[in-house]
């Protein structure tokens, strides 16, 4: 039997969802963005750590071919437009827009995965040829993994939006999902410079 | 008191596993320093692949299986392959003066006991006999490694890329090429 | 607080013990400039950290004692804050002193040396290959598991690894330095006291990490020169019938696949060079003392003394075994 | 008047029944599998971690037997190497970090006045992953596939060239398991502490244990990716032939050491900073006054957290890095002694000006002072480059980190277990047995580990399975081996104490120690809903003075699972957040992930094919179900 209590306030009027730092979904997304961001930072660190061990960079191969990578980057950056749009619509509880937007983002993700597949064919190095090849493949694989997961998330959210009741809590999930896509896109822009342009500037 | 459940679960798991361990053991992982049972019968592999009538097969020397399934012996074989300069003739298994060891072609049999015999007895046209120059165990280890070069090795015992300059692709990724030519070597050692 | 008493007692007993009975591999029995510099750091550390430790425990003890019987101890927050400030400043100051001392002594370890003995040590699982370098190739020679250095003359040792990471540690001469594949490290040491000492691999390197010792001898200038001159000579030619038979067996059989004996057909580079085996004091990287008996049992079954070593038990007839042992014992 | 009281009382009674209905788990074993209650998960997390602690301890005993005399033949080199590798890996990855996080999983939500942890299902998932990872590595060890390259797994010794077979792969994958589990908890704790604090618990009023767990969680988030990266590189080197660590193909063995120690050094603080929080709770409670220098303490914790990331190179002084750089790391390593010193001072000052009551929890804290400060001193010694070049990789370092980790983390942990056991179970542990255990542990520990300082200085390297006689190592080793049996005795006493208390222990009230933080404001053990109404905090010691009423806020739903979210800095009420119901899917997801991990040990395709079932179960996990209206599953 706990001690005597004195009531000093009432919480029943509070909203049962929110956007941003007073919603747990936001904290979860931030947390995992931090973890994965740290992973990228360290992997990039490893890339530049290994660089001086070779007389030339890339050692014997030619740098990754620009075509697919650049195309991927362009599409990825372009996808920020619908992404920002869907985030705004979600904050206005615009269900039709959100439904449409989630499907769109999923398709964008699928297209990008296709482009990524082409990128892997144009890296001009195999992962087991030398440390350069290994780290390049590692960076690409790391990013592909996260992109695939987020595309899958968008897909599932989209399915829920079409099939199930979509309350305010779900809208804030959509906003967090969009935030995570920002992370996917801009972390790639950095990786693009590292993987495609470092060898050309070295 | 559910807090006691996990410990019980863990304990139960550990016990069952212990039993499994006792029953199964892990052939693949044992580090054997003391020389293991050595073969008594020397299989006389024929010098010709031709043979009248049905293919006649001699049984595989069980000692061979023992070495073939042990990752440690295979790794030691790889070390000896470099130390005894097998590369000198067989060029990292790619072949040079001597025949390639990474393909499915075996003139004198691709079974481990046949390779073991080829190493110790030597073969016409250049392969010297190493009997007396290395121990029987070393010959078995070499033979196990040589089979791994053409992917004839359980993947969970195969050595991956080695340290130093990369000459051969990591043997974990070499596609298995069961011995083709040669006499009774068509019958490969069954992987347990 | 008898326990702390016990601990310090143990410490005293320990240091007494170690200065008494182990002077061959103790960091506190330095015989070189470098190791002595390190002991200076150790002394200062002990003199600063020891009192600080006691200070903390006394303060703690007093805090408990003064409040015994539940009497409320008093001290205004303000006094405490001043105390905290003072304590922090004190700590920071002492740490600065220690950092400075550490930096100064570290400089000594890396001070450039003039006219050093140049040695290259290559660590292999699980033994040391020791090459004495010389501008004149004919003057170079290779031995194993035994390092001879002249007293009062700096030695510059190149560190290489043939397989995994090892670490060369001769406590009486200097701290340790790793031998890492793909990295060319060096370490210098300037011995000041003639004697026989012991070094050991300090970085875990596999099955026989425990039996990877280095026999270290500090000779006077003349003795070192004599030793060098002797090591440069090819192996002695056997005279007794058994030794001759032993040599023939050695070169004809598996032994020669791995071991080299200068002046014979045995040219293996996998195992230790045996040209002057009998002149060494230990066998199998310190695993055994070297005499005819141990040598024979070693050849008979190396795995019994050093499980996992790369030297196999070569099947030999009893006669062959004793012949080969006889021969090897002539290689002084 | 009396009638109105009774009506109020009956209302509260009905409220409690409703909450109980809402928050209770399903009955029986199914409930045990599906629970998302942070208290049940925390309890089983602690229990499992202690089991692993005992197993790793037994391995240590066997090693001490082998080393009790020179040239001993009790264990061969292969067995011995696997054992010390298992001992280190289990103690670090399966005991130390998990047990600290486990205590936090139980205590922190109560301490900040929350109904449950922020992500209850992730929490359950984390436990299952941790359990399966531990079982996997134990199974591997018993099948002779145990790790053999030490808990640091340095390449190239851990490469497939020198560690043939699958031993090292299982080890590396065990790391992946435990890191996933640890990262999940880290995120949960950050969210719990920053978004679920009781109204009024501003940043300046967060209990120091919660502060230390917040900083530790952030350190986990920034440190663990490094080891996940390095172990993934290692596995791919061994499995698909990448060249990260191959000096012959542009890789570098030192890359492993940099990545590993970038995690490995913060790891030490990740283990011992929770202990600092525990100590603050215990010292504050038993000196009957607020901790002196709260602000200084928090700043010290933050400073330690930052500095911990600038020290990793001091594990690599002997690898031949540039001397000047090394000196920088010496300075940084020494600097970390300052925040530690500040905290030591604040605790002593608190005892100095308080009314210390020497109970078993406080006894263990006093033991901490005697041992940890000594370990700190030797820590300062190994921070100095020249001295470290002598003692690095010797028994001196073994002594040092056992003083820091056992003295600095396990002693406070023991104190914390005695301190919070009444809250966990509603029963008191025996004080008498507690004192007996303390003295056995304290004496046994010193007898075992103090001689190791001497051994190290006398030139005995670590990780040797045998040693020659005649180097003066025989006696200290024998003493150390004998001491280990005393420690074993103390562990047995503890086990008996727990066993006895669970059956016949004296019942504890809500707040047997008269402690000031919120976890003591509710029942022991707390009901599934933790708090009947949301407590409100008006000072840094919410329950002091003990006889005042507890201010609360009403209005959270009682018929569905709701928790209160507050703003990060001022803890103003913001959201009534719906919490998830029990679910079996975290367990299935953990199993799917386990299949993926174990499969990927044997084939890279395991990652691809294993991802399909994983994706399926995760989808089901997050798919809104009828059974959980609050999560939008209803109509």
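Chains: A, B, C and D, in written order; residue numbering restarts at 1 for each.
The working rule: a contact is a pair of C-beta atoms (placed from the backbone, for glycine too) under 8 Å apart; a residue touches a chain by one contact, two chains touch by 3 or more.
This is a predicted model, so every value here is computed, not measured.
S.K.: Remove subunit D hypothetically, without shifting anything else, and describe the chain groups still held together by touching.
M.R.: Leaving out subunit D yields one piece.
S.K.: Between subunit A and subunit C, what's the gap in Å when you average each chain's C-alpha atoms?
M.R.: 52
S.K.: Between subunit B and subunit D, what is the separation of their C-alpha centroids in Å?
M.R.: So the centre of subunit B lies 45 Å away from the centre of subunit D.
S.K.: If you average the CA atoms of subunit C and of subunit D, how far apart do the two points sit, in angstrom?
M.R.: 38
S.K.: Counting only Cα atoms for the centres, state how far subunit A is from subunit D in Å.
M.R.: Chain centroid spacing, subunit A to subunit D, equals 30 Å.
S.K.: Note the residues in subunit A that touch 2 or more other chains, in rising order.
M.R.: Each of 53, 128-130 in subunit A touches at least two other chains.
S.K.: Two or more other chains in contact with one residue: find those residues in subunit C.
M.R.: 163, 181-182, 207, 307-308
S.K.: For subunit B, write out the residues touching at least two other chains, lowest number first.
M.R.: 31, 161, 163, 166, 169-170, 173
S.K.: Spell out all pairs of chains that touch, sorted by label.
M.R.: Result of the pairwise touch check is A-B, A-D, B-C, B-D, C-D.
S.K.: Using the touch rule from the top, collect the residues of subunit D that touch subunit B in their complex.
M.R.: Residue list for subunit D touching subunit B: 32, 35, 40, 43-48, 50-52, 55, 78, 131, 134-135, 138-139, 142-145, 156, 159-162, 164-167, 237-243, 246-249, 424-425, 502, 602-603.
S.K.: Along subunit C, where are the residues that touch subunit D in the complex?
M.R.: Per the stated touch rule, the residues are 3-4, 6-7, 10-11, 14-15, 17-18, 20-22, 24-28, 35, 37-38, 41-42, 45, 49-50, 52-53, 56-57, 59-60, 62-64, 66-67, 70-75, 77, 80-81, 83-84, 87-88, 91-92, 95, 98-99, 101-103, 105-107, 109-110, 125, 159, 163-165, 167, 169, 171, 174-178, 180-183, 185, 198, 200-211, 286, 307-308.
S.K.: Where on subunit A is subunit D touching in the complex?
M.R.: It comes out as residues 1-18, 21-24, 27-28, 31-32, 34-36, 38-39, 42-43, 46, 49-50, 53-54, 59, 127-135, 137-138, 152, 156, 160, 164-167, 169-170.
S.K.: Which part of subunit B faces subunit D closely enough to touch in the complex?
M.R.: Residues of subunit B touching subunit D: 1-7, 9-11, 13-14, 17-18, 20-21, 24-26, 28-31, 71-72, 74-75, 78, 155-157, 159-166, 169-170, 172-173.
S.K.: In the complex, go through subunit B and note every residue touching subunit A.
M.R.: Residues 161, 166, 169-170, 173.
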